[in-house]
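Next up: some structures, all given as structure tokens.
After this come two complexes, each holding chain A, first together with chain B and then together with chain C.
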Partner chain A sequence: MNNLILAWRNLWRNRRRTMITSASVLFAVFFALLFRSLQLGSYDHMFRNAIESYTGYIQVQHKDFWDEKIVDNTFAYDSQKEQQLLSDENVIAAIPRFESFALASNGPQTKGVLVMGVVPEKEVHLSKVTDKMVKYRLTSESIEMIKQDPNISEKIKELAPLFENTAYTTASRLQLDLGISDKDASKYMPALERFAQFENGSIRMGEPGVWVGDKLSQYLQLGIGDTIVLISQGYHATTAAGKYEIKGIVKLPLPDLDNKIVYLPLDVCQGLYNAEDMLTSLALAVEDNDDKVIAETVERLGAVVSEDQKVMEWREMNEVMVSQMDADDKSGMIMIGILYLVIAFGVFGTVLMLTAERKREFGVLVAIGMQKKKLASIMTLEMLLIGLLGILAGAAVATVLILYGVEHPLIFKGEMAKMFEEYGMEPKMVFWGIDSYYIWQIVIVALMVFLAIGYPIRKIFGMKVVNALRA
Partner chain B sequence: MNAMKTRKIIVSLILLGPALMIFAQDLTPKEIIRKADEKFNGEKTSTSIMAMTIVRPTWERTIEFKNWTSGREYSLTLINSPAKDKGQSFLKRQQEMWSWNPTISRLIKLPPSMMSQGWMGSDYTNDDILKESSVVNDYDHQIVGEEEYDGRLCYKIKMVAKEDAAVIWGHQVRWIDKKDFLFLKSELYDEDAYLVRTELGSKIKTMDGRLIPTMIELIPAEEENQKTIIEIKEIRFNQEIKDSFFSQQNMKRIR
Partner chain C sequence: MIWKTAWKNVWRNKVRSLVVIVSVTIGIFGGVFAVAVMNGAIVQRVDAALNDEIAHIHINDPAFRDNYDIQLSIPNPEQVLSAIRETPGVNAVTARTQITGMANTATKSAGVQILGIDPDSEKEVFRLYETTLPETGNFFESESRHMLAYMGHELAKELNIIRFRIDQEVIDSLSGKAVPRELLDKLLPFEGKRFKSEKAFKKEIKGVLTLKEQHEYGGVIWEEAWSFRARSKMTLTFLDKDQVQTGAVFRIAGIYDIKNSMYEMSQVLVKNEDLMTLTGMAADEYHQMIIRLDDLESTVEVSASLAEKLPQLEVMHWKEIQPDLAMMTDMVQKFYAIFMVVILAALAFGIVNTMLMVVLERTKELGMLTAIGMNKKRVFHMIMLESVFLSLVGGVVGMIISQALIGVTAKNGINFASYAEGLEAMGYTAHIYPVISTSFFITVTVLIIITGILSSIYPALKALKLDPADALRTE
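Moving on to the complex of A and B:
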């Protein structure tokens, strides 16, 4: 106990030194935590986007569909089977889909697209495609209207043309791009929302009509009310061709998908491919999406589905993304490793200085009869206290930031946003809440402090008192 | 003198006659192929109604279509059934091919990338239709034997593609009925001499005054349980069809 008191007093005898040493630990913990939180959060967000706007966590498919995605590898919809699937404790909803590829064209523009036959009402459980409808768009007319409105500030008038033809699914994103603070929102937003208003229609079962991705609509130069022509090969090599009116435009968070998606009502899509009542997949919305629970659910469902079907998990369906993330995760770890190395040397450097500075003091203490062992243990306690202080302070600062970040993800705008989109990512960085990675970062930093302690201890035991006194 | 001359002629006729007949029987392989080819395709034009059945391991499907051809250069095909495909037409003019789809009112020129794809999902590729080269002029022919096929005595002729010919096969072996000049069996090999497909002719009937095989089976060598069967329901030869009949306008109009 005496040792602890002594160590504590020693710490505050030279405040600046203590502060500097613990600050280096603080930064180590702070950066490691923040970095990891952002990385984990962004992965999770990306997966969620991919899963929720496309595959879902679990899908039932024809056994050959995944390897050969042709419309012949489909299965007939069976309501009895659906009931059996739904009776599983973890399954909330079964969402029937028919997806295939087609050539889409408008005049001379042609592009390969992903055609997705959906039941719009059922997608509420999974892809929530109705929430992703474009609500605002800064068309050249709306920008003109903004410019002519005397109540709108010059800054907005300057910014607006930069975002010409950008589509928005929420008013808040529009507000962000136009650099309007929350304070001014009530003043400008109602007018801006009116100018940029974008009217969508809905698609319904039995009515020919499509929703297309925002990017695709721009590529094909199609707007609401225009006609898109789809041509493909249908069930059993029939010809699949149709003309559909564009009822609405969606903006999906995955630019890759936004570039090629065409939504059709399920029955219309089945008609197009001459595959009445056939499905390519039954996506399942789940209650609990924990990896282990999903694996168990997949196993349970495997026994339910018929022989020519198989149950697939999101990992299998997003293989490319999973391996991409794995690679990125590893490079992230290397980055953190380098960060640790730099910081470890920083901590070690301060300890080195500290030991050199106090050489005479150590010498005097031993000369007047203090045991080297006792001195070493006080020194160790001092270092541990410094480490603890740094870790606690670092974790505290990081926690505050991370907790704030979880609620307020980093959203990029303008050029930066475009850069993200070019890489096929949503211009958004999300923090990951407090989790087991905290412990790991703290343990590693603590380990660094322990290693650094070794140096002064060795110095103390190897000290020649006479030399030390002269220092 | 006169009598002498007459007798000489008669003698030489008696002597030479059988020789001439033997000569007539002993056609060159090229002649045999030409005869069989013309018999089937008509010397000038043909108009036909055919049914094509696509057989796959798990399903099969039949398409009926009407077909007009003029020489090797021009052909027009109109799908009559199933209802969903009805009204689609295909036009071949020399080396180009178009497809018209009435549901989307689009005329599409088939791009080179689609050439190796099956026509209407069959084993018959677009390339087969387009580069349906002259079996007479693009190959060197050689009789390699005589064999009986399906109870008929046939010439077995090996046809090797000429160096500069734009053909998709390296060589072909054809079995041609000796009496009626019918293609009864063909084996088509690629340039590496691998068998790609076998074509079999059967159901020999008289159509528009000609004896022809009315059913042709196309069996790809690599795919199991997969074939395409073409059945000729009606065919007329050498009716007057103008070249202007094979036009893009007519593709959209024709019924």
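Moving on to the complex of A and C:
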């Protein structure tokens, strides 16, 4: 305790220096925390998007389907097996799917698309595709109506044309794009929502209707009620072709997927590929999505599925994304590493100065009987306190921003948004709440201090009292 | 005089100055090198885009890019071509047709863009042919009675045109390449096996090899197991001019590899005349004229003068075709600067601390100097210069080391093979050649000087506040 008091008092003998050194630690901790929070938050958000709008956490597939996504690598639906899967404690629902590739066309416009046969009611458990239906769209007519309305502010009238043809799944995003504050929302939003209203129909089992991605519909110039032609290769190399009415437009948060997805009712899709009752995958909705629990669930299910099937988890199914995130993660860590290295030198500089200016004092203290060990521990405590001050202050400032950021993610507009989408990302950056990455900063700073303290401790133990007194 | 004094002052307390200098050296070195690696990746991406994928300027019907309508060809192509050739600054031009279709092999299919090209002029505009993988073909050079197609590596793997196999021959040549016996024994069970896909191959190989073996010999095994059967074929199907489904079998005339999986997956090149026969287009019907310029810097001027000459057509330069690419090139420059500023700000704390020590330590001396008539401005100057020297020495050393390392690594590049899949999906190669422009070094030097000046202000003000009489009396 005495040591601690001495160390604390020592700190304030040169207040300025202590403050500057602590401030340098604060600076590094602040940047590192904020940067990590944004990185981790964005990864989580991207994975969540991919998992929740497409793969799900766990899928049961034909064992060769993932490596070779062809219609022949499918398995017959077996309700008994499904019951067995559902009896697992972590599995909430099994969502049957038939996934394949086709060429979609509308007159002269043709494009390769991802065909997804689904049971609309069951998707509620996983992809929640009904929540992603386009609810509003700023068509040229709706922009015209906005311009005609005398009650709408000039600013909104100016902004609206910039977002011509943009589709919205929520009113809040529309509100954001048009720069309407929450305060004004009740004044403008009802009218705007009415003008931009977009009506979708549903797809039902047995009916040849489809939902298509927003970007795909724009590329193929298709609207509700139009017909889309799908051509592909069916089961056992038969020809697959069919005409379907567009019932609705969805906007998925993954631009890549939005650009190529066509949802068909499962049985209609099986009919298209001449593969009645066959499935390419059973996506499983889970109770607990913690990494470890998922791994355990996968192992349990591995014993349940038949020989020609296998169980895959989201990480395997999103390999490319995992690898991208990994590369980004490592490069982020290197940047933070460089920052900490620089700060470590600053701390070392301070230690060096402290030691040099107290050489005589150390000599005196040891001469009058202070143990070298005690002296060293005071020095160590002193530096640890400087580090601690920096960490606490840095973490405090960063935490305020992070907690705010968790509630208010950064959303990009215009050119920036386009650039994000070009890389297959949603133009949105999400913060990650307080988590183990905080601990890492503490560990790093502590390590830094211990490395720096090596020098004065060696000096203290190697000190010749007589020489020190003369310094 | 004052410069010399400041310089000598730096070296009065060597250890302390060296700590600051080394920290600046490390900070600058780390920052500059990290930037060079990032920049290298981006420069390579832009190069690939300009040389292999889009070239410099595209000319087409104004509505063509909306949905690649086969009907929207360029009217009077000969006149347009000669008008383009006459434009100063144009190095080469080639004409292309472009349609959407599907590529099929016996087992697999994929949606593709089919580009009809003229091989001779194509080579003058694009360097794509230089990336042809050895022994896969020669970019339409040899005569053939079949129709020919030139495709991407990723698509070839996807369609099983490229397969992975392990047989006696592979094992023999591996042992010829000094691969240890134990490792070959592990591969023996696979003998005679053809893998269904690259993924399946990698997975099985990973299953039997240790991490170290994978790291050391994974590349060689992959290369040997990689196999392309000469005279492979695929079927391309698409809609002709009258919206009737048509298609034909094409023999592979080469496989290109540009480390951009999206492009490789989607773009198939065939000869113009073959596409014309199949689609029923006239012999000189083209959708796009693609231009390579003498000088990239003249992009905007040349495209403006072309737009003036060809008012009925859409003229777009690469920055308009891929705005994200252009925007990224601009944005990363800012990002690099911000990154360096953050590092320098972190360094500034150390410099301020040291300079503060300098001032406090020399209280008596500074008092003496003022007492004998050195004015405040000169004192301020002297301290500021010392701080600038301190940071600049470290900065220059840091820049020299990074330049040296950039020089060394630029020769063979750095291979981030374990991240290849993710990077290539975004169009970036994993084999990066670090590079940085000279102007970046100038920017960094300026930033270092500014940091030196800013971090001296507080300590120098402290020095100015000293009362010469009091200062002289201090011990």
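Here, the second predicted complex is superposed on the first by the 378 of 471 C-alpha atoms of A that agree within 3 Å, B and C clash if a C-alpha of one lies under 4 Å from a C-alpha of the other, contacts with A are read in each partner's own complex, and residues count from 1 in each chain.
Just so it is clear, a contact is a pair of C-beta atoms (placed from the backbone, for glycine too) under 8 Å apart; a residue touches a chain by one contact, two chains touch by 3 or more.
Just so it is clear, the structure is predicted and the values come from calculations on it, not from any experiment.
Shared-chain residue A:Asn274: touches chain B; no touch with chain C. Looking at the shared chain after the overlay, A:Leu38 reaches neither chain B nor chain C. When the two structures are aligned on the shared chain, A:Asp67 is found in touch with chain C, with no touch to chain B. After overlaying the two complexes on the shared chain, residue contacts for A:Val113 are found with chain C alone; chain B is out of touch. By the touch criterion stated above, A:Lys243 is placed in contact with chain B alone, chain C being left untouched.
In the superposition on chain A, contact is made by A:Ile231 with both chain B and chain C. The larger set of touched chain A residues comes from C, when the choice is between chain B and chain C. Once the two complexes are overlaid on the shared chain, A:Ile294 sits clear of chain B and of chain C alike. Of the two partner chains placed by the overlay, neither chain B nor chain C lies in contact with A:Leu178.
The intersection of chain A residues touching chain B with those touching chain C, taken from the two complexes, comprises 72, 105, 231, 233.
Those residues of chain C that touch chain A in the complex are listed here as 13, 15-16, 19-20, 22-23, 26-27, 30-31, 34, 38, 67-71, 99-102, 104, 107-112, 196-197, 199-200, 237-239, 243, 245, 323-324, 327-328, 331, 339, 342-343, 345-347, 349-350, 352-354, 356-357, 416, 418-423, 425-426. Remark: chain A residues 72, 105, 229-231, 233, 236-239, 241-243, 274 touch chain B in the complex. On the side of chain B, the complex with chain A involves touching residues 54, 56, 58-59, 61, 82, 84-85, 88, 101, 103-106, 108, 118, 120-122.
On chain A, the positions that touch chain C within their shared complex are 16-17, 20-21, 23-24, 27-28, 31, 64, 66-68, 70, 72, 101, 103, 105, 107-113, 219-221, 231-233, 319-327, 330-331, 334-335, 337-339, 341-343, 345-346, 348-350, 352-353, 356, 415, 418-419, 422-424.
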